[in-house]
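Each of the two complexes below includes subunit A, the first together with subunit B, the second together with subunit C.
After this line comes the complex of A and B, so read on.
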């Protein structure tokens, strides 16, 4: 796996990026390669995810060859959860990331049992799973029941919009968004909401399908995206359109550097990103001080 | 000076070493120009550094010495680029974490406790790329800075011969980690981890260099390397000896250190004698060889 990590002080080049971003989001926005009106995008995305919810995990495994599990593990290990943490996982309807965080907190708890000060902290751990789509949340709740976590007070399922979160300012230790930010209408709004709800020292982490730059690998990846994935979607999930949207929306998402500068513009410090599998996915992170 | 040279060398070697160095690079550059080395991101202008209870005597004295420092050292330059805000916060977290090391070890738990103490979300611990290592490295840098401050004060070292100076400086430095001695093996194993070894090696090199410099060493050439290697050996063996020393106030350790420093200075003499001997033997061999060759040619 080719790992590349770039840390940049991004504060110096704010203005040009801002202009282009605001132009892009004046009235029309993109839905895959199509230009659609802003109001329509959220509905169309909602439709896509309602369509794919039932087969979501199966298709993820098919498309990524199981790699998405490793990517999510990596995301959680970068987050380094701790007992007593208040965490918000946005667009995490199926609970994939939330379950991993909970698991990690529990294992830390076992290690830290010698510390008497930490004993009651585990009870205070809250992982809020926020998704705009109730169908996706239902999938997550069912999986929680299957895992025997149905009664766990640590998991809180919330239906909500990432652009207008219903949580208080400075209330979260961590914020993750995995494969979600690509689908929102206004990325800047999501970022500023993330900044708002985080405490000082809180971290923003974003796992997202991103851009491949390695020459030959890029061609292979494009072929795979545009020829294999829609067909796979048709065969496995019986839904070509949704997966066509998926691969197109990846191409419309800002490249790593650009997205990192957007995170910095939202006020985050120590903005870094790490490419996994040559940039097929990237983990961006930022720190609120 | 040689120490700036070695810093440059260490710097260029380490630029490929990963994200940490990328972050640190600007700091180190300014540090080099001001003849200070600090590998952490601690701002030098931190208003009131929280003191370590166990070391409060040395710390408080060092800060007061700092103002009265005038022992022929280059004055500290102001940074051109102030470090980013988060770096100051990270340093505060690490400083607070040190107070929890005795209870929780050099661990993520100690860092979480430290973050809680200064009122920052413990999530910040995740922003240290090599979590526990960051804590150990912060401590090493902090100690080095305190040692430099003490050297700058210059009072205790003036009328000592070099071997005594070396002894005293190594002892100062090791006394700083005495409060943490029960957890120090953990820190050592952390430093020896393949991911951390380059930084810890660099920090030790800087420490040894600083001590030699303070001892008034002006060596150049091969001697420079020999001296630093030997002192590195003395320092490390004493550090290890200290781990198992149960004598009151580490009396055995200081005796051990004294003997090792003497050994080292004896070794220096021995090496010099060996050099003279080698020269003499070489000269003798050379002349007899010349004679032999001369005889062969005559025939």
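After this line comes the complex of A and C, so read on.
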């Protein structure tokens, strides 16, 4: 016990840069609690999401008791969408965040009534949904069709890598990534790409499962995560392993303060975060000035 | 229903291709892309790579790109076999 404390003190005195580098390296080579080769991580995560895609939304409802809907509502409200905006939702495969943004923009249009300027702007609204996994995108595209948004040219679906985005510099008014950044191999690349594509004045928003510190609640949450969730995955989706990965990956992801400093390192200003449900999820935000 | 939705996706795809090439750039070089109608793909001339399009969705993941021979895109099929073997 004492030895652990001493080494902890030592490591925090060693240059913070070294600490950051080792943290990032450990994220790049961790698949939940397993150690994997960096080049393998992306494929392994890909398999997880191809497996869960068809049950993804249902499982989200089960695991969060429907709360994920409120969390996404909160995320979009912080974005303050406007007609004519160009927005990029990364790792947004099944479309939850994109649909909400579109609805929010459309509701502004309705409120503005017969405003010809607003109508033209409305035409210009573009929400790009980018996901590395084609199965998730298929689910999203089909959901759009069911909602009658199949022909809506405001929604653009793109298969791409968050670490190497196919969008121009300074082209986006907003960037969101919901429950996605935990799964990438190189967090810092994703953050720097986010910074690159955002316009000056653009907003970065990240909704992610995070760390709970509250005593007792933490223990309950741990029990729920490690005993209930994988079992639920087994029963509902017939896939225990994928959900085991999901809960482990939450624990391996940097805590709120650390992640906030990584966002600041990427160049963002006014970096802040809001804990929801005692830290079960956190919304981090930053501004590109 | 599934067939109808697949057909709709395909139809929506061809019209949207041109608009996509105006918005999207190559994920590696960040330079402009060129549309190729058959087979549907986006070409990055700056690095000589073509990215496929499936059901109107452009696949711009760097590892999905197929390196083109300098001649033209006719050798696309061979490249597709190679990348399939590599995978």
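Just so it is clear, the second predicted complex is superposed on the first by the 259 of 289 C-alpha atoms of A that agree within 3 Å, B and C clash if a C-alpha of one lies under 4 Å from a C-alpha of the other, contacts with A are read in each partner's own complex, and residues count from 1 in each chain.
By our rule, contacts are C-beta pairs under 8 Å (C-beta built on N, C-alpha and C of every residue); 3 or more make two chains touch, one makes a residue touch a chain.
None of the values given here were measured: they were computed from a predicted structure.
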Requested in this report: With the two complexes superposed on chain A, say which partner A:30 touches: subunit B (first), subunit C (second), both, or neither.
Outcome: neither
Practice prompt. Identify the partner contact of A:158: answer first if only subunit B is touched, second if only subunit C is, both if each is, neither if none is.
Written response: second
- Task: Would you sort A:199 into first (subunit B), second (subunit C), both or neither based on which partner it touches?
- Result: first
Return first, second, both or neither, reflecting whether A:85 touches subunit B, subunit C, both chains, or no partner chain.
-> first
- prompt: Of the partners subunit B and subunit C, which touch A:287 in the superposed model: first, second, both, neither?
  reply: first
Shared subunit A footprint, subunit B vs subunit C, residue numbers none
Counting only contacts in the complex, subunit B reaches subunit A at residues 18-19, 22-23, 84-86, 89, 93, 103-104, 108-109, 112-113, 115, 119-127, 131
Subunit B partner, complex, touching residues on subunit A are 5, 7, 9, 78-80, 82, 85, 108, 111-112, 115, 117-118, 173-174, 198-203, 269-270, 272, 285, 287, 289
Counting only contacts in the complex, subunit C reaches subunit A at residues 5, 8-9, 12, 16, 19-20, 23-28, 30, 33, 54-64
Counting only contacts in the complex, subunit A reaches subunit C at residues 126, 128, 132, 134, 137-138, 141-142, 145, 150-151, 153, 156-161, 164-169
